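Here it is, the structure, as structure tokens.
By written order: A, B and C. Residues from 1 in each chain.
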Amino acid sequence: MKKILIHLESDSKASIFDQITAYDAGADQVLAYGGVQLEEVANLVYGAIFTRGGEGLRNTAVFIGGTQVPAAEKLMRKLLDTFFADFRVSVMFDANGCNTTAAALVNKIAQGRELKAKKALVLAGTGPVGIRAATLLVQEGCEVFLSSRQLARAQEVCKHMEENIGVKVKPVEVVNPEDVDKTLAQGINIIASCGAPGVRLLEQAAWASARSLEIIADINAVEPLGVEGMKVTDNGKEREGKILYGAIAIGNLKMKVHRAAVQALFERNDQVLDFASIYALAKKMEA
Amino acid sequence: MKKILIHLESDSKASIFDQITAYDAGADQVLAYGGVQLEEVANLVYGAIFTRGGEGLRNTAVFIGGTQVPAAEKLMRKLLDTFFADFRVSVMFDANGCNTTAAALVNKIAQGRELKAKKALVLAGTGPVGIRAATLLVQEGCEVFLSSRQLARAQEVCKHMEENIGVKVKPVEVVNPEDVDKTLAQGINIIASCGAPGVRLLEQAAWASARSLEIIADINAVEPLGVEGMKVTDNGKEREGKILYGAIAIGNLKMKVHRAAVQALFERNDQVLDFASIYALAKKMEA
Amino acid sequence: MKKILIHLESDSKASIFDQITAYDAGADQVLAYGGVQLEEVANLVYGAIFTRGGEGLRNTAVFIGGTQVPAAEKLMRKLLDTFFADFRVSVMFDANGCNTTAAALVNKIAQGRELKAKKALVLAGTGPVGIRAATLLVQEGCEVFLSSRQLARAQEVCKHMEENIGVKVKPVEVVNPEDVDKTLAQGINIIASCGAPGVRLLEQAAWASARSLEIIADINAVEPLGVEGMKVTDNGKEREGKILYGAIAIGNLKMKVHRAAVQALFERNDQVLDFASIYALAKKMEA
């Protein structure tokens, strides 16, 4: 029985990235749908859950992707609502790569280290990857600060996280180098830089002189990188006494995590691979 | 050479149900198209008939699906009109599952039995499954009654069937329990219940007390079922002295018929698998 | 690692012809996209170049198709512009089959022959196949004339070819039999007839009496053929002292060239298979 992955997203053209990765992970066939409307989800799901029965059902799974994370979250909720009793298949959520990227980012930081009571700053953390990375860092035992250029935006996101995910994260406004220095001076040990491609967030002078700082990771692969003096290929490289992880090192791990997650989908028919379970997979893989 | 099934339908998203079933039936690759317009059919068909020649041509086939049966019938006619000489591939029509469902329904009723001169009532029979089931029952030798809540609708459908398929079926109006009793009192031996999901059509008191009645089959899998006292898993179960076939028993056979039909497509390049030929396949399979 | 071909075109439904041919050429999976807009190309290309690295990258390739050649040429330019450094995959351009058809047409004419200093007329040559055939004939050493029913159109195309492809071709107006006779009287040795399906371009009396004429090839497979007295299956057949190649003989070779080109895509990750490289493949294949 072929392993069939149903790829759903709201963008007009289904992602080639996710399809190739699925095939490389061992999916036999991807049924890819772009431009998926909420009202089309139920019918598509019925096709997934009513065709194969019993043991066979684990050979069908769903991937929710696309660049629009909020729209994808709505598709995900609708999908999970359509399942009932044993009529369900495993699902992976990775719109815009947010779950696999956050899992790889935090795993690079956490691997072989004890993070309990460390102070972590998620720079430019109000996006999908930042929110997920902050949550995972909390779960690893860190005290987490989440920054935005607008305090109100950071506060809004932190409130949302407390209410919906149940984690406490401290909002911080970071606009200029003085804000950075002030924040790092609170004893930050870890920086996870989650800014947009090509946007510089942290000068070398700032991070090099921050006494408490131990680890910096940055997901921006486009020059200028988020962290000055970082190289995209840095993979635990020591610079100025700090350990650095660049976007390509994180990206390579992200690809492995993505493939491992797709493989895991076909082990059972009742899994929901969201950020926490994908991170759990990432940790196991590195061991 | 890969067995390629071209799936065409007018619904915006090509059915996942039909694609998974095609793969499970042994198709190597499904090329699925939703939102197919009539004027696009010819170009798609040329791609099917002009690529592989001679013996190879039987490795390409077309499936016409979608939830809209009348639109699918137009696609089917256009498709068949586009073939010429030996430039043709095998085609299966199963929009909304109507052919495989009707074939499974009637085969459950007919298997190992002589139906000649039996009286059969197709309840709520004006939809695609009802029309096909009624036709197959006539071909098995039954005298067939086809009911609707509106006599005019039943008459219209019966007239259409006589003119287009060449079978005679008697229109009946069934609105309330008295109508049911009156109809069953004409000596009905078989009831094929073809109503919509979740719509009760027949009370237990009515069918239990109908002397002539021998067999009841119902394709409605959603509670309340079409037939009170029926279980979806009934598969030749005797209740109140009648033999019952529920929606899951029929559905399981439908899936087998669907897969057998897809497999048959690739045996030759000139088959048209419509309700009669799909029913013939179903009968052979059960033997 | 699966050989994945990404099929992009601007027509609303991705060509079945090209997909089946790709599978027959050994592609493991075709990801087919119809209705591709220019602004969607970059994202799709990123999915192709950022998923597999190093040696693996040659297992991904792109095919640009569709019936609209100018729109396809824009997709092609955008695609090539999106590649950078080693982040590229091999690409084949064959919108409306123009490259494989031109390659097969000219290869039929050139195989085993010395064309240097021959005079060739590309009849109705202003379309995509005609332009490419004329270019290849120039590259084979011919003096090439390109005809249209409107001199201005022929002149425009020849100017475009000189400026963009760097080849010199002579524009000719051919409206009626007298024009044909006058043109052939210039000592034409070869006619490549590239008219639309079902349009007669050349009477038998004209070509039979043309002393200098040696070879006639015609890509029109629909009666009336472009060349009177030709048969679609003529494959080097001698008639009236001339060698004839009909549309089916050319079409069969075209299919082989198409498949060979798809196979070649997966040998390296940096090939651009356009008309010249596809013609080179055709020549090698016939050897």
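We take it that contacts are C-beta pairs under 8 Å (C-beta built on N, C-alpha and C of every residue); 3 or more make two chains touch, one makes a residue touch a chain.
Being a predicted model, the structure only gives us computed values, none of them experimental.
Taking only C-alpha atoms, you rotate chain A by 120 degrees to land it on chain C; that is to the nearest 5.
Of all residue numbers that take part in the contact between chain B and chain C, under half occur on both sides, making this a different-residue interface. Note on chain placement: the centre of chain B and the centre of chain C lie 46 Å apart, centres being C-alpha means. Residue positions of chain C touching 2 or more other chains: none.
Listing the residues of chain B that touch chain C in their complex gives 1-2, 4, 6, 29, 31, 33, 36, 40, 43-44, 46-48, 50-52, 60. Those residues of chain B whose C-beta lies close enough to touch chain A in the complex are 12-13, 15-21, 23-24, 32, 67, 255.
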